[in-house]
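As written, the chains take the letters A, B and C, and residue 1 is the first residue of each chain.
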Amino acid sequence: MANVTLEHITKRYEDVTAVDDMNLDIEDGEFVTFVGPSGCGKSTTMETIAGLTLPTEGTIEIGGRDVTDLPPKDRGISMVFQNIALFPHMDVYDNISFGLRLREYDQEEIDRRVEEAADIVQLEGMMDRMPEEMSGGQRQRVAIARAIVRNPDVFLMDEPLANLDAKLRVHMRTELQRLHKELDTTIIYVTHDQAEAMTMSDRIAVIDSGQLQQIDPPLVCYNEPTNLFVAGFIGSPSMNFVEGEVTADGFDAEHVTVDFDPDAYDVSVGDEVTLGIRPEDVYLADGVESVEDPSAVVDAWTDVLEPMGNEVFVYLKLAQDAELRIDERDSDQLLMSVDPDVEVEEDGEIDVVLDRSRVHLFETGSGDAIVHGLD
Amino acid sequence: MSRVDDLRGTLAAVDRSRAALYAVLFAMVAFYLAPLESGLATSIKTEAGFRATTPYAPPPLGEFTLAAWQVAFDRLSQGLINSLLMAIPATVLSALLGSLSAYGLTNLDWRGQTGVLVLFVAGVFLPYQSVLVPLRQFWSAVDLPSLIPLGFVGSYEGLITLSLTHAAYGIPICTVLFRSYYATLDEEMIEAARLDGASAATIYRRIVLPLSVPIFAVTLIYQFTQVWNDLLFAIVLVTDPSNQVVTVALNQLQGSFVNQYNLQMAGAFVAALPTLVVYVLFGEQFAKGVAGES
Amino acid sequence: MLGGLFGRSERDPDDAESDGEQRSRPGGEQRLRTDGGATASASAGTDASILTRLRRSEFVESIPFWGPPAVLVGIFVYGAVAWNLVISLIGWDGLGQPEYTDFSLAAYEQLLVDPSFTSAFWNTLILLLVFTVLSLAVGLLLAILIDRGIRFENTFRTIYLLPMSLSFVVTAIFWAWMYNPRIGLINTALRGVGLDVLTTAWLSNPDVKLFAIIFALMWQFSGYCMVVYLAGLRAIPRDQYEAARIDGASTLRVYLRVIIPQLGASTMSAAVVLMVFALKAFDFLFVLFGVNPGQSADILSVMMYRVAFDRLQWSYGAAVATVLFAMALSVIGPYLYAQYRRGEL
């Protein structure tokens, strides 16, 4: 058990900086998830912690000990890999005990620890199975047992569920949470799947272009994203963004206006700002009750409807001739989520209301958040 | 009605093209086996027999004999033994070295390994003529019996020289074969072992080597036939007749029994027998080795 | 509210990409991720940490594995090639030991005016080209036939590749018998179908000698080409055949327009192996003709052996060997460079 501290960690390759001045403090026993898009540097960061890659600059401390130059095996960590990476020619027992046998523990100690680890991941009675005889989920349990058995201070998990099918992934998610509770060990977890990050972590570290964007509890990242990147990355489907500027009356864009007093916030008239609003914070104007101040009304035309069962996603165009782009949010469209029993027709004109208390404003240039929720 | 006719026509056309396909395939079988078949038929005929009959026909009654095989075997048996003594250590040695270098150049990552690898790969394509003269000079300067003070070295000097030479020149192709296999090993698996505290040597011994069995089979089989079949190194490096390998012995047999084709053919089969057996038993591995050369 | 959050776990398809791939992304080049550290760390840390890093670097760890084999290859391949070059410059003849005192290009000047070198050079080129093209063509045909979903595929393949497992000494003896002018199978067969006009003394008639050799070598190597092409064919997705068939293309057109153009890589690698073989082909001719195949079938590899080991003109032989090496280099150099550029090394 230990805390992990990264100070000014930078990893440069010939002409690319994969990790750029990363500073992190991970508490003892904390479950921290690194999320970010492909190639953002989250795996490289984890590999510097593991010691599989040496940072170009910076120091890493685990449990108050500088481990920057230590080989992986001496860092008190163990790691679970995306490919599961079992040794195919060894049975479960040999796989789990490999590291212990290398360190020449006595046989009784090895047996005791292997049994204990297998117990935790519920692999009893499978000790002499070969990896090829097991299912994906069972193999992943062996990989986790292999990590547990070393009794590490820190667990590193690099997309351990990415290669499992969707159902098993959800199941293993719960198991990992149980494991964390049971072991109470620091876990650093890398994923590109923000649902995994949201459900399991104590804190999420959102990484982009090698830089730490925000590290906060999941709901803080969700409700108070520090910048446009985090706002767009966390949440599925992602936040709507509308670019506009600050006027004396508040926010003004081609198709959207939201009134507020600029003096009440850290903005001045003429500032270029981006308004952000999550799909579930957009409501039909007809019979809206849940919004306290339904003053931010927007004219829209419905386009595609996506019924998801528990909700319906409605793609809205803010100009009748706007072109709908499903994959990206543009200033002339909004995505709205409504209850399935609400009747919405395709290709109709409707009014929608933005919940003022859940409107975010960002500086368009820097992307930094200005305010979360208007009065 | 007409649709049924159409169908019949199509089926007939399919049948015809299928038949043509198999006809070509069998014609090619005849082409590839003809030299062997006529050789085999000739090898079991008497001299009068093979002069009087067509080469591919089986021996007529009374012209059947195994005498040629008998003579060929007597003539080549020492060569067969020598070839085995030479080829097996050479094959094992270059496969082992190839496995080690492929591991060092594939599963351990470091800058510049491609450069070293290019030097290995280029070695695969080396025309041996361009090293023959220096090679002869090198081995005439090396006094093996005094380097390795073991009783048998003196009497097998030629074979040891040849074996070591083959082992060295076999390293490039063996490295290429092993590398293509090692490149498919899961990198994370090796990192996992490293995390468990395994050194590069431990990873090789406990993980990579046990997983190399299939590629060892391919390399050993392919390299064995290559070494066994060589003539050039053998005629340049082995002077002592008692150290003669089977290809050289066969070449001499051919030279000293001009026009005794039955004897020549029997000799060719005797010399080819070990590689033929290996090929028939392990054709799949041989094909993989052949394909790996490219 | 959280329902909308987890409605879809994959934000967009790009994200589903595994992180394993990303690792190689930073430099756009593979294996950048772990670069040994020794160089990367040079700018950071104290001397002691540089030492620790050096000790830990995979480069240092890897030396015991590839080092000894590399030394052997270095000595036996590259050292020997260099030594050969030196020998070619010192005018060494006969039974004595070489003296590395006077260096001159005399041996190479002699090559330029030696008619036997000229003919051997051209014969080598003819062998190289005709043998390569012929073997590739036959190999491709075999591969396509085998790939037509036939029965006993393994047996056919095994038979076609069989000659490749035999020693040239063995196959030369077989073909000497095949080509026997009076009672060999070739002439017997030609007479049998009434083509007496075509019968000839295949291995002594200077007009056909070289082509008789090429034909026999093609017999031995076409199976190899088949294996390479078959691997190439199997790598082409089945859908492409079907797509082309649905478009109404005939089988022939499917192969000519869709399939064969995709076999470029197979053709290239097989061609390189065949050409380099053509340069070093020795055993086969040596068994048939000894050191004197005659002007019409003499090739550089045989000439090299004859000059050096029969006539003991070591330096001259070494010069021929250097030419052979240069020719091999001109074949494999571009090939290896192309492989390197495609990241296949």
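In this text, a residue touches a chain if its C-beta (ideal position, glycine included) is under 8 Å from a C-beta of that chain, and two chains touch if they have at least 3 such contacts.
In this text the structure is predicted, and so the values were computed from the model without any measurement.
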Nearest-to-centre chain - CA centroid comparison: C
Centroid-based (C-alpha) most distant chain relative to chain B: A
Centroid spacing, where centroids are CA-atom means, of chain B and chain C in whole angstrom: 16
Whole-Å gap between the CA centroids of chain A and chain C: 51
For chain A paired with chain B, centre-to-centre distance based on mean C-alpha positions, whole Å: 56
Touching two or more other chains - residue numbers and ranges from chain B: 188
Overlap residues in chain C, where contacts from two or more other chains coincide: 20, 33-35
Where chain A touches two or more other chains at once, by residue number: 52, 82-83
Chain A residues within the chain B interface of the complex: 50, 52, 72-73, 77-79, 81-89, 98-99, 102-103, 143, 146, 150
Footprint of chain B on chain C - complex, ascending: 20, 31, 33-36, 39, 57-59, 61-70, 72-81, 83-84, 87, 98, 142, 145-146, 148, 150, 154, 156-171, 173-178, 180, 183-185, 188, 219, 223-224, 227-228, 231, 266, 269-270, 272-273, 276, 279-280, 282-283, 286-287, 290, 300-301, 304-305, 308-309, 314, 317-318, 320-322, 324-325, 328, 331-332, 336, 340, 345
Chain B - residues contacting chain A, complex: 186, 188-189, 191-198, 202, 206-207, 210-211
Interfacial residue positions of chain B with respect to chain C in the complex: 21-22, 24-25, 28-29, 31-36, 38-39, 42, 50-51, 54-56, 97-98, 100-101, 103-105, 108-114, 116-123, 125-135, 137-138, 165, 168-169, 171-172, 175, 188, 199-201, 204, 225, 228-232, 235-236, 247, 250-251, 254-255, 261, 264-265, 267-269, 271-272, 275-276, 278-280, 283, 286-287, 290-291, 293-294
